[in-house]
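Chains here go by letter, A, B, C and D, matching the order in which they are written, and residues are numbered from 1 within each.
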Amino acid sequence: MSGFWGSKIKLSIFGESHGEGIGITIDGLQPGFKIDFEKVQQEMDRRAPGRNSISTARKEGDKVTVMSGIFNGVTTGTPLCGIIRNEDKKSRDYSTQAVLMRPGHGDYPGYLKYNGFNDYRGGGHFSGRITAPLVFAGAIAKQMLLEKNIKVYSHIKSISNIYDDEIDLCCINEDKFENLKSKEMAVLNDETMIKMKNRILEVKEDCDSVGGVIECIITGVEGGIGDPFFDSVESTISHLVFSVPAVKGIEFGKGFDITKMTGSKANDQYYYDSDKVKTYTNNNGGITGGITNGMNIVFRVAIKPTPSIYKEQNTINIKEKKNDKLKIVGRHDPCIVQRAVPVIEAVAAIALYDLIKE
Amino acid sequence: MSGFWGSKIKLSIFGESHGEGIGITIDGLQPGFKIDFEKVQQEMDRRAPGRNSISTARKEGDKVTVMSGIFNGVTTGTPLCGIIRNEDKKSRDYSTQAVLMRPGHGDYPGYLKYNGFNDYRGGGHFSGRITAPLVFAGAIAKQMLLEKNIKVYSHIKSISNIYDDEIDLCCINEDKFENLKSKEMAVLNDETMIKMKNRILEVKEDCDSVGGVIECIITGVEGGIGDPFFDSVESTISHLVFSVPAVKGIEFGKGFDITKMTGSKANDQYYYDSDKVKTYTNNNGGITGGITNGMNIVFRVAIKPTPSIYKEQNTINIKEKKNDKLKIVGRHDPCIVQRAVPVIEAVAAIALYDLIKE
Amino acid sequence: MSGFWGSKIKLSIFGESHGEGIGITIDGLQPGFKIDFEKVQQEMDRRAPGRNSISTARKEGDKVTVMSGIFNGVTTGTPLCGIIRNEDKKSRDYSTQAVLMRPGHGDYPGYLKYNGFNDYRGGGHFSGRITAPLVFAGAIAKQMLLEKNIKVYSHIKSISNIYDDEIDLCCINEDKFENLKSKEMAVLNDETMIKMKNRILEVKEDCDSVGGVIECIITGVEGGIGDPFFDSVESTISHLVFSVPAVKGIEFGKGFDITKMTGSKANDQYYYDSDKVKTYTNNNGGITGGITNGMNIVFRVAIKPTPSIYKEQNTINIKEKKNDKLKIVGRHDPCIVQRAVPVIEAVAAIALYDLIKE
Amino acid sequence: MSGFWGSKIKLSIFGESHGEGIGITIDGLQPGFKIDFEKVQQEMDRRAPGRNSISTARKEGDKVTVMSGIFNGVTTGTPLCGIIRNEDKKSRDYSTQAVLMRPGHGDYPGYLKYNGFNDYRGGGHFSGRITAPLVFAGAIAKQMLLEKNIKVYSHIKSISNIYDDEIDLCCINEDKFENLKSKEMAVLNDETMIKMKNRILEVKEDCDSVGGVIECIITGVEGGIGDPFFDSVESTISHLVFSVPAVKGIEFGKGFDITKMTGSKANDQYYYDSDKVKTYTNNNGGITGGITNGMNIVFRVAIKPTPSIYKEQNTINIKEKKNDKLKIVGRHDPCIVQRAVPVIEAVAAIALYDLIKE
């Protein structure tokens, strides 16, 4: 089913892009935790649209109303529900969306699955907007993880073929990653960031879009977390990551490149660094046998170019059952990678919180 | 937890490499289905060790005893349990495995997770041997899928940096893929296969190992299967695929390469081919919005080089809490990619059967 | 966890009695179904407080705002979330509830479970008020069941030791049951109803409370629904029924009385009634081997007397860690059985919808 | 589905009465626990058939082979699978069972559910024999609970209308309950036991059967265990208890009798017994708001008379689609209550272990 996930914590999401509102219920949170809602809002703002020249003009405050689960300023331990009203709904005509299936979108698969009853306005339940509640839940998970000194970082590894600086998989400069949150784009190298931004503006000019790769690093996770087989750390993280619209790939550690290494290079050899066990390399991204080994968890996620482009495209008209042409209107990001950064961090934080919870 | 998975069908696996036996229970299978157990055994044999110069010398018949769920030659619809006795267990000394953690293996994470009580002999529950029951379940799922004209194919896309022929993501030559099952390695191009085999023998000679990429194609799946968000087709498949030891990455359609395309190239534009809806390209691998669109499902899986190599490696001695050296003995594959092929097909078949089941 | 349930449909509930609001998200509903929201509201009203002399004076409209899952007047098939704002919250002093544990309530167990962080105002998440969202979900399930000619009926079998008319477990007079919805109490026999009401008013006068038994009958369920063992129909229904506060027992068919029968009397012997298979008796309440046999499903639920009474009671003061006395104030029902009737019907409908869904 | 259950531990069962074998896989057990398999066998023997004049003549050693999850004599923490071969299968003619549906059994519902493909020999997967693996799992859970000083006791509360001594719900004589394990029937009062046994022999003589009630008491459970709503302690226990064939009712504390009490009598008033919080009465059976309060958990289970009786019965012939007569042959218990005692204890222990596990 579309909206339920979890093991030690459980999530249920709901909402359509142009419906009454969207939201999430989170169950299994520890009681007595003081959530910093200002920080939560900061995370919401990182994802929110309408912030600069490279994102959509749609403006949503994305203000969350907490319906339950908080009492005297702390979590109760009972389900916490947060809702967001849809404010900036344009009451324009959506009849085209009902019949002309947008390529690269969930329109047509959704039409098939729901026998034509899905809300097609702005993608409905398939809209990237539904990731806002995930960011809300992730922001809470992040704060709870921080208590255990677990931190979730990420940067834009690439936009198209423009690559950010390589990171050391064993050990990152945390200050540099902390700084990314205040930057226009989460890119380590400033010059690269400008190049990326220019590329995005170029494709925007061309009525087109572009994708990229997000690299996520989780520090402070102890060894021994996760399970062999069906609930491996990779299984758990990838399950949630592939819930995020536009994700087409995930790799851990060296990922696909590890297939070109020999075992003697790929194996992360152990040593004692005083009492602490470490590995000289981190090609496995902190996970072997499905379980954490105490090194940083590192993974990369492929985000496809925004499917909503202003160029004319071929498509089908499902009402008249004929081939047709489509020119998408409305407000769309030429690149969603920078807005996906907090979403990927959020689902990583949620997955981790579920994994470490006792 | 390690051994339970599923939604519309449910699996539970058990076993250790050198314990009494291994097995799987499958619940939710359709009643009245005549399983061709000869074909099941053929799938088991594709994965089984000891078949040629490039795989481990361990010989296991991998004969499955069906304990339940079959009556008068057909499925009853109640849980089907298959068990495999461990026959070729060498009764050698495993005391080294108890203290010297093999790099790249689950030994050390497992030691942490299970407080040192895990069965370390041959990797115990972390052994690749535990994939044999998955192949058994997958072989059954494949037969049930075939009834609905759904077929699961795969080939070795690459070993190290040697690449097999590119396939057309929209349409494959099914005959060529059927033939792969009788080949020594599941490679489309014969010359490439020889090169791959030679590379494997080279690294074997060098006491090392090598990895590769498996490409899996599922044909015949109707559109409208799967869910947006938490149970997207990608989420479901990747969850199971990352249960397979040694997998470090997965990508759908064009995968990571889609991030370098523009939206106008990446979007799979629709057209009517008489009554049937198709897309001109299949860069999304048959899935948009988490749901199938009726095109082939295509994904690629990164398999790391076998961590068991005969070269001396640095590691830790957890008994004496000191740095140490390890030279692995025993029987190991210089490359597990060719043996992983039926395993990846199996988990793909299981995931699909779960997704399409009504 | 407290708030998640389901298999083929999934529910998540949230809310505290005196918090911002309460609600439910339902996933897995069939798309394209036109919900009659007037009928839904009628069910809400059956449970709502403040309707007559025998229920609490608290007045809540219990108006549900549908946040998602409805488009063009029909279900979309994506998660449907309904929320109810808490309106009639008295802003009185709840400091006594924080320290004096009410006997028979969840106060003290909740205090232990949530380390003292639970919302104690009006019982918080333990309040009977949280059953309102269940009635909402049940009202939807009922309408969907009706499409398949499945109907859920119930009456008050007893209040204290006053018993309503015995029903024929094989076949009920559906008209009489339909009429119950417009009665002040769901009692078949009018004279009995008056006696019950008088008993309730008596105990109310005495600052005390009283309990009773609800009998639920589900007609129109085909045979072959449910599972042996862990998901028997009895398991599924009882799991949900025991989620309803104040329930202390459930029995199917003849229930505890069947233990006093001999097998030859207890067994429901089969016969063909033209083409249809029936049983002469229905001592098993329509379920054998965990699976429906096509006869009416019948079960009875024991509802304890309202724990909130105005008599002084002994209790503990958890702040001062001493024995203390408690006189409960506020608005409470002397009997909740009549208000529990639509709740039991609701969870029965939800369970059934989950069981029959394909 | 029939064979999967659990949250913090997970179970999967399989098997048919006359198939190859039956068994269970348990996941989530704590690592490093030394299971006393002699004690496990004692529990198996309590359930096993063929022990005396009041149980079936079928003789099964019910010897469990542990396939996995034990290493060096202790649990590994990975899935533990135990299997039991079916030894004493009579190779007689079962063609009657295929067409004449036994009243009170799962034959006909199973026939409908599995489209006629279920194994009908001896009830197949519906057989009480499938409870043997539950007793195995329960025996392990019991030992793990004992480490935390939690004990699971039970006695036969009644056979037909013959009642054993009333127990004090607040506090039981544990020695007397320990002694029950060595008695022919788990009855506190010796004279009552003789009466019960005579009643069973009477109905046996009459080719009939009889049922009864089992009362289960769990001591040593701390307060704060369980959840409000969907995973209340009552929900969890009842879900598993109704998985046991022949169970038709369950009640906690005073159960159905609490409906006849006033609130002032029914409420369990709290007091401090030095530091420990207790209640003067235990009418709620140790659970309020779905969560334990630290008092004994007490529940009673209604077991119906064995449906297999030697008297001629009316039934349907599903092959010829006509009404018919049936005289059951084979070996059957005139009363299964005494054999159900260890089964109910087992599922209670499993439920508790799942609830308390951290």
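One rule holds in what follows: a residue touches a chain if its C-beta (ideal position, glycine included) is under 8 Å from a C-beta of that chain, and two chains touch if they have at least 3 such contacts.
Composition by chain, UniProt nomenclature: A, B, C, D = Chorismate synthase.
For clarity, every value in this text was computed on a predicted model and none was experimentally measured.
A.B. asks: What is the set of chains touching both chain C (Chorismate synthase) and chain D (Chorismate synthase)?
C.D. replies: Looking at chain D (Chorismate synthase) and chain C (Chorismate synthase) together, the chains touching each of them are A, B.
A.B. asks: Based on the averaged CA atom positions, which chain is farthest from chain A (Chorismate synthase)?
C.D. replies: Computed centres place D farthest from chain A (Chorismate synthase).
A.B. asks: Express in whole angstrom the distance between the two chain centres, defined as the mean CA positions of chain A (Chorismate synthase) and chain D (Chorismate synthase).
C.D. replies: 47
A.B. asks: Where the CA atoms of chain A (Chorismate synthase) average out and where those of chain B (Chorismate synthase) average out, how many Å apart are those spots?
C.D. replies: Taking the mean C-alpha position of each chain, the two centres sit 27 Å apart.
A.B. asks: What is the distance in Å between the mean C-alpha positions of chain A (Chorismate synthase) and chain C (Chorismate synthase)?
C.D. replies: 39
A.B. asks: Can you tell me which residues of chain B (Chorismate synthase) touch two or more of the remaining chains?
C.D. replies: Residues 1-4, 13, 78, 113, 125, 228 of chain B (Chorismate synthase) touch two or more partner chains.
A.B. asks: Note which residues of chain B (Chorismate synthase) are touching chain A (Chorismate synthase) in the complex, please.
C.D. replies: Against chain A (Chorismate synthase), the touching part of chain B (Chorismate synthase) is residues 1-5, 11, 13, 101, 103-110, 112-113, 125-126, 130, 158, 160-161, 203, 206, 208-213, 222-232, 234-236, 238-240, 242-243, 245, 247-256, 258-264, 266-272, 277, 279-280, 283-285, 287-294, 302-309, 311, 313-316, 321-323.
A.B. asks: Along chain C (Chorismate synthase), where are the residues that touch chain B (Chorismate synthase) in the complex?
C.D. replies: Those in contact with chain B (Chorismate synthase) are residues 78, 228, 358.
A.B. asks: In the complex, go through chain C (Chorismate synthase) and note every residue touching chain A (Chorismate synthase).
C.D. replies: Interface residues on chain C (Chorismate synthase), with respect to chain A (Chorismate synthase): 1-4, 6, 9-10, 12-16, 19-23, 25, 27-28, 31-32, 65-72, 74-81, 83, 113-119, 121, 124-125.
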